[in-house]
C-alpha cells in the first residue's frame, strides 16, 4: 500500500515536471484529487438538472476526467442557496456550478450578498430558446390574431410560466412592452408543468422552451406562434421568428458553468479544457440538436463579458416589470 | 395558581403561542391581505395560519389554566432520574453534529458511537470496538462508493485522497 | 391483442439470465436504499441513471424499474421497524406498522406490507395495461383548482387521525402548513420566513428533515426516557408457520387491498397529487369504513395494508402521465423522464404509438421487478426482524447515526442536520404533552401544493373564489371533502346523543 502510494507520487511528480517543461500552461498542471461537486442551481428533474446529469454521464462514458462529477441540487430560493454555497467555498477547486438565467436575476432580486463578477467563469455550453405557444382550441394561428385576442380579453388573458421574476415572466414582460398588451401572469412550477397546463386549457398561452412543448405540438394540442430567436430553428423550420415579423425580440436561457472565486489559472484551464472536449462529443451534439439548443461555446474572459452584459439586460427587464408603464 | 402556571401542559401551550406570534410577525414582511384580482398575498398563508395556531394554543392554555391542578398533573413530566440521560444524549448529538464539518463525519460519528456504546450503554469492548470500526467503513462504501454522496470530512480530507484514487 | 404480444416480448427480454441478475441486484440495492431513513427511490435512480447510458437500454430500464420497486418496498421497512418513514409515501404505514412491531408482530407487519405492495403493484400494472391510452387525457383535466380540491380532500381524510384533542390537532396542522411556506414564495418570487437570514432556509424545510427529527431523534429520546419502564423492544421471530398464517390474514383484507390499489392508481396518476395523498386517503377510507375503527393506530393489519397497496399502485400510476404527457409527478419520475430524453425517447402523447416496444417493455419489467421485489423482500424479512433483537443501546446508536447521516445525504447540508436535532427535541416535548405528530408531518408535505394551487387558481380566475365550486371536478372533490369532514363529527354527535338518551 505505502509502496504503491509512494511510487505513484514519484511518478506523478516526474510526469508533472516533464509536462511543465514541455507546455507552459496546460490542463495537466492540475488534476482534481477528489470527486468534483457539480452544484445545480435548480431542483431534481428540471432542465438544468437534466443537462448536468447528461454531462456527468458523458464525462463518465468518454472517460474525460479522472474523478467522477457528482450532481448536487441546491435549488432553494431560485438558486440563492447554490450561489451562497459557491461564494462560501471560495478557492475550492473541487466545485463547479451549472447555471441558468437565475444566475443573473436571483442576486438582482434578493439581497444575498453575492456578486457574480467574483466567480471564475468556466464555459458556456449552450443557450436554450423560447417561443410563444397557444392552445390549438383557441384558433389563433398568427401573431396579429394573438395580439387581438389578448387585447379583447382586457387583461384576463392567462399567461402561464415559471415563478415570478424568472425567465418566463421576463419574456412575458418583453412581449407586453413591445405590443402594449396586458396578461394575467400565472406562476407555476417547472416548464413541463406549464406546458401541460396549456395543453389542458387551464391557461391561454406560454413562452415555453421548444423542448418542453414539442411533444404536445406533435400531438396537435398546442401551437407555436413565433420564436424569440435571431434565426429559425433546425428542429422547427416552419415557425417564424419575431424578428421576421418585424419585432426584434430575442431572449435566451444560458447554460454555463462557473467555479468559485480565487481558483488558480491552471484549475480554471482544466475545467475549460474538459468542457471543451465535452462540447465536441457526439452524444452532446446530437442531444443539443434534438432539444433545439444552440451550442455556442464560450469560455474565460469572453464568457465573463457576456455574463456582465446579460446582467445589465436583466436589471433593465426586472425594472420594467416592477414599474409597468 | 403558580402550580397551574408551571405545569407542563400550560408551559408548552404558552411556548407555542409565543412561537406563533413570532411567525405572525415574520410573515408580515410580505402582504397579508387579499388583492382583489390576484387572491391572497405572499404573507397571507403563513400569517393567518399562524394566527389560527395562536388561537388554538391560547385555547389549550386557557383550558389548562381553568382545569387547575388535577391529580395526574402532579406526576413529574419527566420520568424520575431519566432527564439526565436524555439531556446527555441530546448534548452528545449536538456535539457530534458540531464536530462533523470540523473533524469530519468519519471521526465524529465513531467518537459518538464509542461514547454511547461503551460509557452510556455499558456494552463490552468487543461490541463497542467492532461496531465503532465497522460503521464508518460501511458508511464509506454505501454512501461514497455506491451512492456517490460525499460526507463532510473537515481536516481529515487529505487522508481520503488515496481512497478516492482507489475507488473512483 | 397487439399489446399482449408486445408485453410477451417484454417478458421474454426481462427473463433473460443477465436481466434476471440485474433485477435481483436492483431490487436488493433498492430495498436497502429505501430502508435507509432519508434515502428513497429518487436517490437510487439518480445514482444509477448515468450508468444506464453504458448498458443497453432494455437492461437499463429493467434495472431502474427494479430499483424503483425495491425502494418502494424498502420504505415500509423503516416505517415498521424504526417508526421513521423513509419517504412521505410511507408515513401512513407507521400509524399501524409501528404499533405492530412494538407488540412483537414486526414479522407479520413486514409480510403484510410486502404482500400488500405486491397486490397494489399487480393490480395497477393490469390497470395500466388496459387503460393506459384512454386515461392519458384524464390527467390533463387537472388545473390548479382541481389540484387544490384534491389536496383538500386528502386533508380531510386525516382529520380523524389526530386523536381526541381537536385543539392540539389544529395547532399541529397549522404549524406544519406554516413551516411548509418557509423559503421562496413561488408566486411572488419573494423570500418568506427565512429565520435569522440563514441561507439554509431559502431552500425551505424538507419533509425528510422533519420526519427524521420527529420520528427518529424524537422517538429515540422518548424510548430512552421510558427505557426504565420497558427495557427492551419486544423481540420477534419469523417462522414458516407464521408466514403461512400471515398470508391467510392478509388474504382476508382483500377488500381493503383492492380498493387501495384502484384508488392509489388513479390518485397517483395526477401529477400534483402522487403517492402520498393516495396512501393517506386509502388509510383514512379503510379506517372510516371499518367495523372497528378504534383499533386503527393500535396495530390493525388493515392500517398497514391500505397505505402500502395504495402507494405502490400510485407509483405505477405516476408513470402514466410521465410517459403519455411528459409530466413527472415526483422527483423520481422526473429523473426517469430525463433519462428517457437522453436515450433519445420523447415522452408525450406520441410515445405509445411511436415507441410501443419501449412502453410495453417498461411495463413488463415493472411486473418482473414487482415479483422479484416481493420474493426478495420476504426472504430478507428474518434479517430485518433480527436487527430488532439487537441490544437496546446498540439499536439506539445505529438509529441515531442513521438519522444524522440520512438527514445529511439528500441535500448535503449541515443546516438540515441541525434542524433534525431541533425538530427531534421539539417533537419529543410536544409528544410528551400529547400533541399528535402525524398531522404536523403531513401538513408539511401537502402544504406547498395546497397553497400554490389555491393561489394559482385565484389568479387565473381573476380573484373569483367561486372557481373552486363551479368547475365540475373541483366542485365534486370539495363536496366529497365536506362529507369526509362532517362524517366523524356526525358520528361523535350520534354517540353523544345516544349517551344522553341512554343516560
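All chains are identified by letter, namely A, B and C, in their written order; residue positions are counted from 1 within each chain.
Definition applied: a contact is a pair of C-beta atoms (placed from the backbone, for glycine too) under 8 Å apart; a residue touches a chain by one contact, two chains touch by 3 or more.
According to UniProt, the chain labels map to these proteins: A = Tripartite-type tricarboxylate transporter receptor subunit TctC; B = Tripartite tricarboxylate transporter TctB family protein; C = Putative tricarboxylic transport membrane protein.
A quick note: this is a predicted structure, and the numbers were derived from the prediction, not measured.
Compared on C-beta pairs in contact, A-C and A-B come out with A-C as the pair having more.
Chain C has its Cα centroid nearest to the centroid of all protein Cα atoms in the structure.
Put simply, the C-alpha centre of chain B and that of chain C have 23 angstrom between them.
Note: centroid distance chain A to chain C, computed from Cα atoms, is 32 Å. Chain B has its Cα centroid 37 Å from the Cα centroid of chain A.
Shown for chain A are the residues that touch two or more other chains, namely 184. Multi-chain contact residues of chain B, defined as those touching 2 or more other chains: 37, 148-150. Of all residues in chain C, those that touch two or more other chains are 187-188, 190, 412, 459, 462. Across the complex, chain C meets chain A through its residues 42, 46, 49-51, 53-54, 139-144, 183-184, 186-191, 199-200, 202-204, 271, 321, 325-328, 331, 333-335, 337-338, 341-342, 344, 346-351, 411-412, 452, 456, 459-460, 462. Chain B meets chain A in the complex at residues 37, 148-150, 157, 160-162, 164-165, 168.
For chain A in complex with chain C, the touching residues are 43-46, 49-50, 53-54, 56-57, 60-61, 71-78, 80-81, 84-85, 109-110, 112, 156, 158, 163-166, 184-189, 192-193, 195-197, 199-203, 214-216, 218-219, 221, 286-287, 290-291. Of all residues in chain A, only 5, 8, 33-35, 37, 66-68, 70, 184 touch chain B in the complex they form. On the side of chain C, the complex with chain B involves touching residues 29, 32-33, 39, 43, 47, 167-168, 170-171, 174-175, 177-178, 181, 185, 187-188, 190, 192-193, 195, 217, 220-221, 224-229, 391-394, 396-398, 400-401, 404-405, 408-409, 412, 414, 417-418, 421, 424-425, 429-430, 432-433, 435, 451, 454-455, 458-459, 462-463.
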